[in-house]
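Got a structure for you, written out below as structure tokens; questions coming shortly.
Each chain gets a letter, A, B, C, D, E and F, in the order it is written, and its residues are counted from 1.
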């Protein structure tokens, strides 16, 4: 180890941090684009405030919960303290060969908010703003770091004989968000008019260009999300991760294109966009383990799965306006499993460990998010009233419109 | 032949349409209009400045139909369009002299 | 003085306009309306859910003109607006009592 | 009971509205229409190609009111809507047979 | 110093350059989003041509005005020559350990245009295009570099016993723009119908998603704006700057959220967006001096200030459609002062130096921008005529529309 | 050579890769913005699927066609194999001092798709989706890599006595796309109502903000496109390329601004946007050979040319909705020639080599794209039927709308 390599590694980690940051704009654009114009200010508001929440709560407690230090190795929960305190030699490779303490913190902090952003898409167009913000604070500030600690903080998932493997967070990040998205969408119930006696109604997203911008920005940021998870600038590993990430996204697009065309006989761009994301979520757990061919297969299956998942959740009347559950939960589970099926770690043993990880994380996230949402539902309420939903959340929660100069179609 | 124009709450269109089509009114035309009346629009705020759009978005319905159907159609609108709140709107009746179906140049009541 | 209202296919507006202005009708007003009728809108699909917009976008034409021109204008619309397919639309004739030109307060036929 | 339809410059709406409401006309309906007339739209250019939108955006005003108010309302529009330039628009008067208030089924003049 | 570190430093400075570049898209989107659809082409045109002006004038003269060299140390103005001439060993660490001459130039050039971009928001929807472009050329080409030289070029502000401190330009960049924004908005007068006898009217921005995209891109670019101002890739300093920048933006969002909710009883996303920017402007002067807590306080106060500032400028009838004066001038002054109140340099002496810097820069920018705008106002005129303003600048100045396919509401 | 420098170089190449990736969003936004709302889903769909096609075909065969290895030095075509196989020491500087094998592949793969993206703009609003996708697969997967091999793969253009020079692809990338754009637009014929007896009609783009976002993102990505083409992080060369790239874009804006103002007496932002791109395309071939002044001249001429080119192609009734032919073909030819006229290689001999390169590449691309488009035209057909074109491709090819909540103007 030397100062040069340390500086390079740290530089890459900082660049990766910025790339993960811009993913929040990706989520904001995608979710705004796939919902209705009358709820656009609301969804943008949520996606703007969530990263702020993530950064602040992570500084206050999240980071210490997620990386409590070796004393808590193998355990379920730990806490290193409150707030940010600089350790000895925080800015030298004595701290870590890949990054300074501050780089470490900020890179992780950018990840944190992601979990809540995923949820905001699934509960869009009907959730009350206040309760959702409250949920986000708890979920990002406490639930996410606890789960993260289990694996990345050296917790019990990391110290199994055959450790659970999740390179950049198919489970630790995406499923964590996906489970809460599932719970939230279920407890809220569908948007008015989505499932009627006369059958299911389509509620088209109002701005496809924004949705497209969102997915490209997410893909763009994903190179930092996965590439940064190498935690150094090691040429071989990072470039391998770049290739698997790019290929999985591309084949995810084709998986969804083919599946949706066969199923619906139409070229549905929103499915292709979801497919790209599902491919990316899918490769996230094993981005450093796969070859080009394996990445292509994982992405393709991820993209295919998302189409069936969207249809499935609609069938069971769980209304997810942007497909967040299909992309992040289903895609995340698939990607986590794929580590046992393909690539350097493939093996029955590994599949088992992966299943354990999926299960415990699922149980914990389902339980905690249910607890938070359900207790709010029974008290302050989590859903806007009917009139507000019909008129739109923008005018009611924000007394504002997203597009005051444009005439609306209906 | 009469023309029925109704200014209704946009939210009431569905119900009214179902009702009138129940009467056998297969055709109607509608469009968005802006109304000034007793009802006031919800206040909005932008960067600390509160303001109130002067008008209320409403839907205007146009149905040209035969004498016999005028009463029933009006009843539909009165029944289905009513909330009892200020802002329910109005119905106006006019005389229509003639009607033509462009597709086949039918004229008179069969053109309706 | 008569008012001619026609609900036409938006795509037919150009031809109809050329025809009526050929008759010396220099003025007309038109706007987008939504129609319910025999014709059905093309089906759309979004994320696997097929749906059909309930209405069809159409153009409504308003021409207030003198008796002599009523027939020719109607002919223009019937001729130019026709495709023979369901959805061609309708023409309605109403009585207009008076007209004023705001620019110079002209009234009567010279105001048209 | 008469119906007053006026096609006015969108920019003149405010003044006209203030004037007629001064007369006690509490209700009116208006919407955006497109006009073909003497006035020509400002030319636009896109990538070197000059073009001129064929129509002019205008506002159409609809007021159904009692006989006594027809004259005063017309005067308001003629006074306030006038610039003297081509493009000021027109006013048309029609007979209205009946009016209903949806809120409480009032009919006749009290419904206006 | 060695070639490796030099290459790393230079790489980071180049990446930072690109990040600052994209801030111009951030400004363009934000300003377009917070103004009306009928003036969108105009505001985009200005924000597209300004970076071009900045790059060209800076190459022609700006860079030489801002960095005239040691002969002018401690002075008020200097000029190294005209155009770009490569010094001996421009591409080695003999020139500078952090960057080559070309990197130095291009990084600084990207900063230059910012000053004018800030102004364009405040004068939006009524300023004449020609005169504004003329102003931009003079202000970016001459005024900005002169002020910059005072501090960063080794001028008198830098050689005070207790030097004025402005890490990345709360004053040198943001206030410089802010002062001209104030003068421009004042000399132009408010938009028609903004302040009437019947009180103040709201003129809502036409595209909130664009405004949101703009702020995220600005935040994104700010990591290069502040991070690049370290002038090397030093792991400790740059990562520290990343953290303070991220935290200040996040707490700025909360400052504005809370202040605006208490004041207006509504969740106004445009205020939250302004708050993020105010937090970022606030931390800019001392991004390398603060800890996490201090950054949070500075950002929070910045975000709070912006809400009151927006209300204040409205009260005194200075019409700033996008809040540029509140964000960049007020935020810039606050951030510059904060260097004396918090962090490594805190102290009464420093406060004094900061006040001196704020004052002289303010006086100079106010005077010069007044001179330029006022003389144009008295001659060619700076404001479009009433009909043009009512119909919109797009159709009149550009004979074009931004959204020809969409029906407008009024 | 040492591990440190290798790691730095590779890091820059990876960052450049991401920057080139985001150019695809730039193209998507620009093309969507300059076409009509009724065709927006279609153009976004094409621009989303093209990068996916590029990545997958390049992995399958493209890379091996473009870099067949030394055995094929100086030849017209070669093939190293099928799919991706890692060479010995692929992740060390034994492979290349600038990058690992995977970095090499992914950087090149991101370039590949560009060629087809250029075409999609020129054939927009009337081409059938299926045939276009089919064309893209062939053109990106086979034609582009063959041409690329001629120069960058060590083919015959590279082994002339005075080698043809094309630093980052004015010809190899942009003209390759431009020629196919010309052929496609010609074989399709103009959009309905574009050229009528009563003269030429304007068909305004529906979303100028999107077009602006697109061009800024392209410029942003271009720093990776040109800067990455240095193939190392060499401070001097890369920073020089940054400067020439930035200056050429800026002066391109002014070239177009002045030319279009003189010609049309209006400030047409779409021309300024095209001018920026033409300036960038123009500098691409010699970005590492020019000085600041030369870059300014090349960019300015490029920006001026594009205005006349747009008018010219309209006159000969070749309908190019977004100006892709003018920007990429004319700009590409100009930039390639400029290498012989300005900068380090200027000279009659070089002009000749450049002309040869332009000619052979032109002949090949024209022929192959004609072959593909024409044979499809005679069989499956390449143009949607009249009703579909009038109603819009979105509703017909995708049974979807891009903006379902907004009322359309006509």
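Note that a residue touches a chain if its C-beta (ideal position, glycine included) is under 8 Å from a C-beta of that chain, and two chains touch if they have at least 3 such contacts.
Since this is a predicted model, take the numbers as computed values, not measurements.
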Next on the checklist: Spelling it out: a chain qualifies if it touches chain C and also touches chain F; which chains qualify?
Outcome noted: A, D
Item to check | Identified repeat of the C-F interface (over half of residue pairs identical), from A-B, B-E or D-F | outcome: A-B
Next on the checklist: Report the inter-centroid distance (CA atoms only) between chain A and chain F in whole Å.
Outcome noted: 33
Checklist entry - Taking each chain's centre as the mean of its CA atoms, how far is chain B from chain F in angstrom? => result 53
Checklist outcome for this item: Cα centre of chain D to Cα centre of chain E, whole Å, reads 47
Checklist entry - Multi-chain contacts in chain A: which residues touch at least two other chains? => result 4, 8, 11, 15, 204-205, 207, 213, 266, 268, 399-401, 403, 406-407, 410
Item to check | Where chain B touches two or more other chains at once, by residue number | outcome: 31-32, 44-46, 94-95
Next on the checklist: Once the touch criterion is applied, which pairs of chains come out as touching?
Outcome noted: A-B, A-C, A-E, A-F, B-C, B-D, B-E, C-D, C-F, D-E, D-F, E-F
Next on the checklist: Going by the contact rule set out above, which residues of chain D touch chain B in the complex?
Outcome noted: 3, 17, 21, 26-31, 62, 64, 94-105, 111-112
Checklist entry - Quick one: in the complex, what on chain A touches chain E? => result 3-4, 6-8, 10-11, 14-15, 17-18, 21-22, 24-25, 28-29, 32, 40-41, 44-45, 47-49, 51-53, 55-56, 59, 83-84, 90-92, 99-103, 105-106, 109-110, 129, 207, 210, 213, 397-407
Next on the checklist: Per the contact definition, I'd like the list of chain A residues that touch chain C in the complex.
Outcome noted: 200-205, 260, 263-264, 266, 268, 270-271, 307, 310-311, 314, 323
Checklist outcome for this item: Within the complex, chain E is touched by chain B residues 44-51
Next on the checklist: Could you list, by residue number, the parts of chain E that touch chain A in their complex?
Outcome noted: 2, 4-5, 8, 11-12, 15, 19, 36-38, 204-209, 212-213, 215-217, 219-220, 223-224, 227, 233-236, 238-240, 242-243, 246-247, 249-251, 253-254, 257, 266-269, 272-273, 276, 291-293, 296, 403, 406-410
